[in-house]
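These are the structures in question, set out in turn.
Below are two complexes that have subunit A in common, paired first with subunit B and then with subunit C.
Showing the complex of A and B:
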């Protein structure tokens, strides 16, 4: 929990909005619209939010699978000093590809069905000139063992493996370059609950042994609570709250966080659920409401919220984007914490 | 919630790491899986074997034909001879054919052939006869079957007394190779154009797709006719052959291009392509290692279904007289005879032979295409 390895500043990614050959330019989809956060060395930062709130786009901008529309992603390289990944050309970016890697959500679509595990996991090393020939084979074998598979599996194709095993293969591929930062894009949401736990434990073991920093994108708050040190809550392309996991779960400061937390099921038949169900639909990223983007669905909304867009500001050492953060007393999932001891 | 998960026993972790299928399917490549599925489609499999055989015959035409395509004889318009094993006295003999006795119909003056049971020509295997070049290179004179005296016309003769069976075998050489080469040409064109269209998208894609739609919108036969008519009549046969090849593939690349574009569009959004980009693979490498291997099964299906179209196209053009012309022998050229009413009425073997050949080959390709499509379909079980 020391210095920041990755600083994201005012990161934006808008889709479309280009003027077509004929007619007017349509309004852009503001998938990611000004994101700021620091990723601290060795931590796991959770990124939660509804479907379509821009979590995945943000992750992909950081690994430069998308080219951001604006903003900075400053990677603090221990040897070469800080560098803005978002501003580099594809060629200049190449050395930093080793440092930031990604794990994907879909265990089927993320592995090339025409390649053996050796090719899948070995290709990053070959492309980046880390190893050749027998050395690739040895390293791939080691990686397979590290993620809980067997050396003999390297000549098989992905179709011979189950979802959880495929996710392990994806993790091995991300590890092949020995990265410092891994963006995990919902790595367990496509898996069975029992397998989810195994993958999460694997990620935690890897983090412990390998000095890794995770940006963990998820929509399952149970998973986030289990693996993340800090959590950032996103709503239509922006962070609305950023806090330590325990603090956020105990007492959220933003009404949206409260609504998300209240939707977490409590595995106790004695506890009566009282979810703060959200009214209406998630805001349209093409045509955003004036003022606070969340105000049409917010039960604590006052006149100021309809006109004035709140800034992300510090409240009690936490960051929140709400005018009424100090006055509201929002409900977390403290009961559950108590049950857990 | 989290407690349940942390307590996951270590044994289960090991169990999960067991391979799902330890059989040979586990290490089989996707193409091999496709082949296994294809093999279960009996009709497609046997059609495939048949086509392989047909192409073997095509490559070594001289060996299979008892004669050479332009060798004339005195038997004009002779009907097909039947291969017999029962002699005139009812005795069993080795396979033979009867000779002909020719008379003329005094009203129409056309030749009438009757069987001459006194002339018996036993069929011999690996008989020496007219010289030809095996694979166009090695001079040789051994034929699979033939007669050492007399004549053998299993499919009759034409107006010059040339053996139709020989001409059909030699015709396969042109017709089948046109199909294959033309499809390869359109495959290359289609993959490149469709690939660029799908990968780059944007206005490149729009323009390409509109051009393809424009080409598809033109009725095929008139377009072929127009293009083929532009081929100079005084060109040598080889040039004409290639000109027709190009004409045929100039249109058929469109379907391949569409398939390729669609697949490229779908694939470039796949996570494994994103992953490759994230670990720094170049565009060329992504195309070579990630995209092309994944569209190969679709390409195989498209080309097996495209070859019959090309074969029919060549046949149609030659039949209409703007494709290949005599002395080149192709099934379409042979079918030109069917434009004459006397041939249709009195000498049906002149057109039934080539027509049957075209039908059988086209059907076989369609069966193989069907089988390949089923085998390549990821959703079929």
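Showing the complex of A and C:
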């Protein structure tokens, strides 16, 4: 058994670009443009990047909420062997829908206000034939307890709960089918900080107790550092760096990773931040610059970067998409002694 | 005269009378801002920080109303005006709003008009407050956009907000807020909707502009990193009340209120990876806004709740240390830990 539960190979998702009745075809938005990575069994892989970099689209392609334009998503099923989720038809996909689930960012918009918790969490069990009748009630009750709610909450509607509790409901729904992989799309970014910590702790407990693998999409680097084993940094539809969390934060290899890390304000008035300010805005996914997509904003840019598109290649056991990865000495985030008070 | 406050809010109460009950959005909050100072207001959603700013500018949306309290503002000519007593649509309020006190909002997309060009929106303020002609206003607008480092300012002037990126929109907002040379700038979560790299650009810009103009800034945010990097004085709010205030170092290194402590320790901080360690979370969530609380508002979530005095008696804001004030019965006894162990005094 290989240790990768999910292998993503050259995954692409382009939007638009269809030729209209008259005139010539517009250029497609290349939201996800050739992504390769392995998701290891039991790990939490972080996916970070600015808004519009395609991280949510990538998550949605993996659960097949979007149909990818190209590439493979190979799920290693312990019973049925490896299967390419991207190539399956809707019907063939049905059994695998159980295995890969998703938690959404917006805990209000993702729950149907006309359904009780019993219906929201119980419906997927009934549809997939996992439980019927009284068994559904028992299981829903158990799940609610597992995510820190109470059994008697199951007859209430989502509006009766706060943001943090609603996110717990979303997590219970994702767990209802005993999935192996959960794609968490910004699960805490809509929550207040004091509640955010509760949800992060809950996710970690769930992972420890049940054999779960997370793909954790986030833009808050503090959260990512706290929960993830490995981190992939995305820039306009591509991975620019993939490394162990500690390595990435201590010494990034890609200039974009460095800029991202340095931009986070330090919550300590005596530690002065030195953000490496980026020039301009994120590249346009419709009209990408030639050469390295990051070169117009990169301070380390040389002639080669303007013409030659770098490959995602291996450097010291880490993956990075930069011509100058070896020669640059980039600045990470200082490891400080943590204070528990 | 450097020590006379530019703005002094005393016991401000802004309430919303709704059919379901009364929401005490701001419930006896005080604040003081000196000329040129940067003050941060921190709190979670629903703590009343935005309503407080809107009360100062007198733009509280109905049915919200200032019930009591004073908002003393020292005008440029030295006269002190109580903004809370002004008619909110009156001439005096309008002369101050936008010219002497201006505001940057959180969401630049919804706070800019989608049907007017950037130039028209900035120019409007200039024509109104500085009596410029259209032509002069346009030239002034381009200069204002140049100051906020807007690329291609002459072209952006004629564009609509939807045509430019989020970071550029926030620059346009800042240009608009600063075009009349305000003495007090209020920023309501100015970078929350932006990506970290854009946030870093905007924060650097605000810092530079403050150095150039010497205006005072009231900075509302929930991001403790931004507060630490941007402000000198911090006000922590919880449920419409100020629970702790003090110089930024005191708040971060010697917090006295359990809520401040909880805020400081519930965020995962960069570079402080605690493998396998758990984050300290605050139990429960924010209570129902219609409830009237007896006792300390934080008591139901507080780990130091004594079950008696905390639930009976609402603590008053009292002084601990030179400039620090806190609203807790047991502030001196708790010995709460700041963000670091070793403190350089």
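Here, the second predicted complex is superposed on the first by the 332 of 341 C-alpha atoms of A that agree within 3 Å, B and C clash if a C-alpha of one lies under 4 Å from a C-alpha of the other, contacts with A are read in each partner's own complex, and residues count from 1 in each chain.
Rule of thumb we're sticking to: a contact is a pair of C-beta atoms (placed from the backbone, for glycine too) under 8 Å apart; a residue touches a chain by one contact, two chains touch by 3 or more.
Note that this is a predicted model, so its numbers are computed, not measured.
Participant: Determine, under the contact definition given at the top, whether A:51 touches first (subunit B), second (subunit C), both, or neither.
Facilitator: The second partner, subunit C, only.
Participant: Going by the contact rule set out at the top, does A:333 touch subunit B (first), subunit C (second), both, or neither?
Facilitator: Touch status of A:333: second partner only.
Participant: Based on the superposed arrangement, let me know which partner A:219 touches: subunit B (first), subunit C (second), both, or neither?
Facilitator: Once the two structures are laid over each other on A, A:219 reaches subunit C alone.
Participant: For A:302, is the partner it touches subunit B (first), subunit C (second), both, or none of the two (neither)?
Facilitator: Neither partner.
Participant: Figure out whether A:113 sits in contact with subunit B (first) or subunit C (second), or with both, or with neither.
Facilitator: In the superposed model, A:113 contacts subunit B only, not subunit C.
Participant: Determine, under the contact definition given at the top, whether A:260 touches first (subunit B), second (subunit C), both, or neither.
Facilitator: So A:260 only meets subunit C here.
Participant: Just subunit B (first), just subunit C (second), both, or neither: which does A:87 touch?
Facilitator: neither
Participant: Just to be sure I read the superposition right, which of the two partners does A:164 touch: subunit B = first, subunit C = second, or both, or neither?
Facilitator: both
Participant: Identify the partner contact of A:277: answer first if only subunit B is touched, second if only subunit C is, both if each is, neither if none is.
Facilitator: Touch status of A:277: second partner only.
Participant: Give me the intersection of subunit A's contacts with subunit B and its contacts with subunit C, in residue numbers.
Facilitator: 162, 164-165, 194-198, 200-201, 222, 225-226, 267, 336, 340
Participant: Can you list the residues on subunit B that touch subunit A in the complex?
Facilitator: My answer: residues 1-6, 8, 12-13, 16-17, 19-21, 25-31, 33, 203, 270-272, 274-282, 285, 289-290, 293-294.
Participant: How about subunit C: which of its residues touch subunit A in the complex?
Facilitator: Residues 44-45, 151, 165-168, 195-201, 203-204, 222-230, 248-249, 252, 261-274, 277-283, 285-286, 301, 336-341, 344.
Participant: State the interface residues of subunit A toward subunit B in the complex, per the touch definition above.
Facilitator: The contact residues of subunit A facing subunit B are 21, 60, 63-65, 93-94, 97, 101-102, 104-106, 109-116, 119-120, 123-124, 127-128, 148-150, 153, 155-157, 159-162, 164-165, 168, 170, 173, 176-177, 194-198, 200-201, 222, 225-226, 267, 336, 340.
Participant: Which residues of subunit A touch subunit C in their complex?
Facilitator: 50-51, 162-165, 192-198, 200-201, 204, 219, 221-223, 225-227, 245-246, 249, 259-273, 275, 277-278, 280-282, 333-341
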